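Both complexes below contain subunit A, partnered by subunit B and then by subunit C.
Take a look at the complex of A and B:
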């Protein structure tokens, strides 16, 4: 009994396990995969699957219809670009993020089952990072799937491969940013506000109301010939940042006050900063809860 | 019929700490934005904020927050069984809770909307917007209270109704107006000022609003009558 074994609290004197031990990396990977599955309700009750898959269906169905129209009518290009499609379904992506972030971030903290995770050799910050990665991946899967339907359908219908691929890559780069920002914002809100309902409303405020305000301000400033004010206002929400960048990269999205020149760099920097700040806030939150 | 103690408890739950700040944020945001834009521009520049943001987003969000705050937390942590074990009619419980949710929706939703409308333009259309907000706010609060009694995911279901059904689909398909709380409110407001759209007809709008309001509160009481506590899914 005198020998030292690290990191395990259960030692009742039974015969112990001598086999190979997989380290922190395996635990983190398992947690990541479980989190990703839980974000879509897989491995949870049947009722929890309804909402994510309903939203996924709503998000993907128009893409399938577009492909059908392109094929039957025989268009030579897609009626909207990939980034334009994401822009059209941004409400659904926001709702998915707001609805599923509490699943990954609130439940462990609310029921204090987080202490069971922390009793294992996985540090609090790795748990936070893993949760964030699960949500960001889930968001990426959610938003990329309809684009893949469009892309595959478009190529099968004989559209220009080079053009489509360039467009898709632009949209994918934007979606990487969107997924990181949204996962950071909704994850932080859900880990602070543990009541599911308030976490959802808080996320909706950040992802739907604030972008709505920004768009309204941009529309007014563009009308009043004060475009610079609108460009600055665009820094205030994740979606206005994304749409601003999409319009600057000519990805097929029009905004009232497109950023130009140095502003594009500022937009990109702020988007990366928002994602990083969200991630840092989540990590700080888990470290605080873990030390209680 | 209304139980004062339950009303008081519901009001406390609604005004407790962080919830209150979130509820307060909406009217402050809306009025501040309208005032700023009206101050910085000439003419009607701030008016589009109301049909674009205040009426279709802020008002229902306030109603969702209010309706789910008076019932949701108790269902969530199971303490509702203590309330339901008292010899009080479940319909009285529902009605008492709805009164609080309704009052909160009026104060934090309809009133600031009316104030913003006065700031942004005033005149008949401001009164019309105020009336529409009162009608829609009343209907929303009863509808969302009923949703809170049905499912644990009341907030997200209510938001789906507002944002997807009334917002996204309502913009694409005009027929949705017949089944849209916001459009009923607008139609009744249209009677005061013709600057508001007239999507359906008045008898339908008034009747539907009334039926959903009364039916929502009654249905909530009915669900509480046969309430069973379930674990988290």
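Take a look at the complex of A and C:
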């Protein structure tokens, strides 16, 4: 019968694979790099590259212009600090996170290809952590790039190296927090609301609308001499936490109700907690999907 | 433990058990999906048959470590599912029952990526993926986004990702689901080749009770989470004894042969160009009788195989209640 005959047909014979099979760490690194590339649309369709690179250009262009002005006019310092710059492009960073998180967190779940990952060596929590790390790195790249343009341009224009470096390091520490929080928040939202539109809207609410409301509350409370209320309200959004810390660290950002004393520690602790909670929620989500 | 030192040769022969379960039980709340299952599966192709809801997919997910059993234990490729899931998943392939392909990616790109997720390097992944896509019969289409694929092409792409890392065991969950008869036959032929030519042990499920008999060496029948029967395909034959035989020639030869078999004490009736032979009375060997009768008449024996339909008969005999809800393709 067919099976006997098939045994004799060897022209297209099946070949076994005896080569190396990488361990979990190497596989996770491959997934991490792929995810990082996908966050910028690299290795995906041409259309997928438009939005991330458009946002990146919008985010970086002002830095290039500032550098040009500083060089031509011969200023002795940058017109705004690194953390101040991040504060100015906060909306663009939020949009990037909201738009690209679904690429890393909704697709596999919506199309159920997650099952194919879970049937392979990487455990569900490693997949979740790797996805988060890809998005956090993408956000870091996105937000640090303009700062590097500023820094390099500033140094070339002869600005003080020590001052610039201290300033930059403050901004980098803040961006590390921002990237961790934003990746956790938007990653979780995208892994729950699998329709891209809902995920984007949800993320925009969390990263744009809520911080906007917090700022309004802080403006009012500062006006009404109820600063403490404004400081507490600052705990409610990732950006108000970041900007509060930036103001406390004298990184060149002013807020209506800056935290002081013990509140700075609270702000830092809450920021770390938000990042950790987002990450934990993502892991829980992947573990749940894995067992369905 | 290095995968490199592990034997990656194909599992052949039935000496080594690729799957072994002991008292495997799975409850989803009130639903008892699997009850105290003891199964042993060897090399070659094993059909896992049962009506919808019998627990086939649940069993596969537990064996892959995607689900935890409520109680009981299992070993896959010699590894304990409770503690060595990673090692199991390294050498096992899985073709899920449901759609699992991103529509905006090409099969080629996707299968390469999945190979890398199984631990193959970049160039090995590309090479294996091209090979495997050719074996499953996705040719030019493999560079097109999978969203535009027909069901048959999607099934092939799903199969390819399950084979790309050259597993030693592959779970195929309802690979013929949604396929038209021609595509179904193609898929079954492919399943057979994986088990025999590729030397990869296969556990393949179907809710169509008669479908897998032609391609399986062994059949496990599940009924509402209970093991109804597990035996070599040949054993089914011995129990019910029904055979299909065919001799070289036309209806004249067929009838001459049928009459001779009847004269020798067998009950038979024509079916198409073949003859269906009923189980023999005790003490008579149907195989020997058929062979001797053909030799006596000088007729060439062209076909001697189990009657396809009888797997359903086995199922109906053993579980009249359950089979009533099942599909009888």
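The rule is short, and it goes like this: the second predicted complex is superposed on the first by the 276 of 292 C-alpha atoms of A that agree within 3 Å, B and C clash if a C-alpha of one lies under 4 Å from a C-alpha of the other, contacts with A are read in each partner's own complex, and residues count from 1 in each chain.
Definition applied: a contact is a pair of C-beta atoms (placed from the backbone, for glycine too) under 8 Å apart; a residue touches a chain by one contact, two chains touch by 3 or more.
Bear in mind the structure is a predicted one, so any value in this text is a computation, not a measurement.
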Now for A:241: first (subunit B), second (subunit C), both, or neither, which partner does it touch? neither
Counting residues of subunit A touched by each of subunit B and subunit C, the higher count belongs to C
Just checking: does A:213 make contact with subunit B only, subunit C only, both, or neither of them? Give me first, second, both or neither. first
Report for A:291: first if it touches subunit B alone, second if subunit C alone, otherwise both or neither. second
So, does A:31 touch the first partner subunit B, the second partner subunit C, both, or neither? second
Would you sort A:78 into first (subunit B), second (subunit C), both or neither based on which partner it touches? neither
In the superposed arrangement, does A:195 touch subunit B (first), subunit C (second), both or neither? first
Output check: A:45 vs subunit B and subunit C. Expected answer is one of first, second, both, neither. What do you get? both
Which residues would you name on subunit A as touching subunit B in one complex and subunit C in the other? 44-45, 107
Per the touch rule above, subunit B residues touching subunit A in the complex are 18-19, 22, 25, 29, 33, 37, 40-41, 45-46, 48-49, 52-53, 57-58, 61, 64-65, 68-69, 72-73, 76, 152-156, 159-160, 163-164, 167-168, 232-233
Residue numbers on subunit A that touch subunit C, as the complex places them: 1-3, 6-7, 12-24, 26-27, 30-31, 34, 44-45, 107-108, 111-113, 115-123, 290-291
For subunit C, which residues count as touching subunit A in their complex? 3-4, 8-10, 64, 66-68, 85-86, 89-90, 92-94, 96, 98-104, 110, 113-114, 116-121, 124, 128, 131, 134-135, 161, 165-166, 189, 192-193, 196-199, 215, 303, 305
Mind pulling up the subunit A residues that touch subunit B in the complex? 44-45, 47-48, 51, 58, 91-92, 95, 98-99, 107, 193, 195-198, 200-202, 204-205, 208-209, 212-213, 216-217, 219-220, 223-224
